[in-house]
Amino acid sequence: MGPFIEVVLGGLMAGVLYSLVALGFVLIYKASGVFNFSQGAMVLLAALAFARFSEVMPMPVAFLLAAVLMVALAFAVEWLVLRRLVNQEGIILFLATFGITYFIEGFGPQLFGDSIYRIDLGMPKEPKIILENMFEGGLLINLEDLIAAVIAGLLVAFLALFFQKTATGRALRAVADDHQAAQSVGIPLNHIWVIVWSVSGFVALVAGMIWGSKLGVQFSLVLIALKAIPVVILGGFTSIPGAIVGGLIIGVGEKIAEVYLGPIIGGGIENWFAYMLALAFLLIRPEGLFGERHIDRV
Amino acid sequence: MFYRENGQFKTSYQADQALLPIVQDRVFMVIVLLIAFVAIPLLADEYFFRAILIPFLILALAALGLNLLVGYCGQISLGTGGFMMVGAYAAYNLALRIPDLNMLVVFILAGLITTVVGMLFGIPSLRIKGLYLAVATLAAQFFLDWLFSRVKWFTHDSSSGSVSAPDLVVFGFNWNAPVEKYLFVLSTVVLFTLIARNLTRSSIGRSWMATRDMDVAAEIIGIRPVYAKLTAFAVSSFFIGVAGALWAFVHLGSWEPLAFDVNRSFSLLFMVIIGGLGSILGSFLGAAFIVILPLLLNQLPHWLGIPVSTATAAHFESMIFGALIIFFLIVEPHGLARLWAIAKEKLRLWPFPH
Amino acid sequence: MIATGPMQSHTPTNAPVERAARKTGEVILALENISLAFGGVQALSNISFDVREHEIRAIIGPNGAGKSSMLNVINGVYHPQQGTIYFKGEKRHRMVPHKVASQGVARTFQNIALFKGMSVLDNLMTGRTLMMKTGILQQAMYWGATQREEMAHRVRVEEIIEFLEIQSIRKTPVGRLPYGLQKRVELGRALAAEPTLLLLDEPMAGMNVEEKQDMCRFVLDVNEEFGTTIVLIEHDMGVVMDISDRVVVLDYGRKIGDGVPDEVRNNQAVIDAYLGVQH
């Protein structure tokens, strides 16, 4: 029982980190109707920036600078890309984010370098053993992951509140529903997009810092971030709680599959399990656990 | 002045619906084919065949297959690399385990096997649309990546994980030299292009386009959506499977699953988008663009006399590529084929301004 | 609710109609107690009416009355929770749209549903899909069976193009055509299927007087020359009164009137709900 719970816990922790990245997806989709394929690349860029900045300046300053960079990115994306593609079909915008992805994947390493960089957040690295009286030998958990989970949780709660309770949040939801209608009631589309991409950039920064601290900042961060796509499929494109639940399910599911199925059919299941799970979900419930149904009118 | 249709009257519907109804187009095509089949074999050097023409042709074939699915039928697929992989490994296993099998049959069977796999993954498209289907095909890609790495049977228990294709022996003739490989691939691509054109101007092609444009209305006028989507997946997969087999056998020689990874899928999708969705010419233009661009970018610093490290070159290639994608989507979402069509329109009027 | 045109001013149609002389045959479509709901919304409640062969049956009523939903039920797009449909004398089980089409039912749409990526000719040719028999391998090779079939169907489609007077635009992508012509092309696509029953959803919406005259002429010609049964949703009362044989009136998903135009015109319930009073 003990080992199983450890696997589950490990999965939950990984899941929380997926959720963080997925959150960025959901924010942008909710507020602009764009499925931002470049979220993963944004995580990499933010992590690179923070890692390199913190080599030469104190961490809080590095954090601020990295955040400024992400805001600048948001401005650039809005001005160069989104503004030119207003009212195009969703698929065109989706493909445009591919372009942004390629660009960031070249720009980031070019600006900040190709090597693997360390982020030292001062988080405890050694695993701790807890609950020794309940389980034989106790449970091995990673304090670093736990702290990450708490941070992620706080961020999510804050964002959920923001969307539901504030006027800006309302405006963001209006824009996601219908660009033209939102414009016609006077919502400034451009400002909204900059805001939302900046917030997403900030979320990417937090995710990048945590992931980077755990694994080191390297290019493979992009692929991990791609895993967040199945997360939003599971949770629903427009749901913040969905991103959390989806991330946890994917995280746990992956770990269990790897640990228990892996020895039977070969390792490396983690590479595709999340996607297959998402696929299965799409066949049963296309809108995800918490998403909205899409109805075609004739 | 030269591109006028004046005086070209069609006296039968047959003539009107011919492949190339305008005489100037026919002349142009004849010239292109002459250059392709005669001039180039005589004039081009080995590098040109190996590095430019053969990859261009094979990728154009794959892009054509993908365009039938994405551009004509409106179904998105991010798993093209995976399906090419199926074609490649199918051909490999067939050639290896049934050595007396005619190479052409090997390729066709490889295509058919890919068709079956493609249709399997096409079944989700019957229930889910658009972006969701993109994810389903992405799942296919990652799953196939894993499958061909893990299941040793496919690679004949190769210890290194990579396999080598046998020589290309068709009709007793060993098509080994670059020019011979080029002609083999060229003939295949011309044949497949003809098939694609025939399909798109027939009832099935119209059913695909109707499903793409307005699937509910299409169903109401009698088009069966299941048939339309599955046939699109089937034909597309056949083309892509054969292209994968060609890529492995003719271009790469030896390969491992990495050669067909998700980057290949995206690359092909962009060929189709930049070239022009729903256009056969577009598939070729897009393939040419994406094959030539990295070569150009690699040579550019050299020509300009600026020393540039490979890492930097790779980064800039990525940045320029991303910027170009965005540029095309903004300026001409219908791709190079539309630009070509606009140029032809202007040519109709030339030398008059309007 | 007031109708979109007061009773006196008809839209003049050029074709004189001898209603008494028009032959109408047996019942070709019968709807019994059809009820349709979406979630909480009751779109149709207990609707029953029939359509006779060769007649022009109009469905009228205020916006939101459920007229388009009624057509969608006939097409098999929506499946009623209750009720039975009889087509050509036989009870019709739950059927998907393409199956309904194969029985000889064709349709035009309120908000034009043409295939924008294709030319006029290709759009019309899609109407012939059910009659095309060659398989995919034959089509890949084209020359031979497929080419003969394509030419044969092209001949028929050209007849429709001539009938609708759209020869000059046959190669134009439909997306580029003005609204009135698009509506005409959509009619052409429906006619290309050589249907027994033709459903027209506001075929004259958004048209000026001339265009309406043309469209009326086409509708009447189709009915008289080919004997096609026509069910027509229309708001222009002048058109309805002039060309229909019988009229069904819907309001909030219920039937409030059914009969020949004169009867319906004088039906108090219909006047209250839809036609309005002369001032």
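In order of appearance the chains are A, B and C, and numbering begins at 1 in each one.
We take it that a contact is a pair of C-beta atoms (placed from the backbone, for glycine too) under 8 Å apart; a residue touches a chain by one contact, two chains touch by 3 or more.
The model shown is predicted, which means the values in this text are computed figures rather than measured ones.
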- Note on the structure: Using only protein Cα atoms, the chain sitting most centrally is B
- By Cα centroid distance, the chain farthest from chain C is A
- Query: Could you state the distance in Å from the CA-based centre of chain A to that of chain C?
  - Reply: 50
- Message: Suppose each chain is reduced to the average of its Cα coordinates; what separation in Å results between chain B and chain C?
- Response: 42
- Could you grab the centroid distance between chain A and chain B? Build each centroid from C-alpha atoms only and quote it in angstrom. 33
- Message: At least two partner chains per residue is the criterion; list those residues in chain C.
- Response: 77, 109, 113
- Message: Two-or-more-chain contact residues of chain B, please, as numbers and ranges.
- Response: 216-217
- Mind pulling the residue numbers of chain A that touch at least two other chains? 298
- Message: So in the complex, the part of chain C that touches chain B is made up of which residues?
- Response: 75, 77, 96-98, 100-102, 106-107, 109, 113-118, 122, 125-130, 132, 134, 136, 139-142, 146-147, 150-151, 154-155, 158, 189-190, 193
- Within the complex, chain B is touched by chain A residues 35, 80-81, 84-85, 88, 90-92, 94-96, 98-107, 109-110, 114, 229-230, 233, 265-269, 271-272, 275-276, 278-279, 282-283, 286, 296, 298
- Message: Give the list of chain B residues in touch with chain C in this complex.
- Response: 13-14, 17, 195, 198-199, 201-207, 209-210, 212-214, 216-225, 231, 235, 278
- Message: Can you tell me which positions in chain B touch chain A when the two form their complex?
- Response: 76, 124, 127-128, 130-132, 134-136, 138-139, 142-143, 145-146, 149-151, 216-217, 266, 270, 273, 311-312, 314-326, 329-330, 333
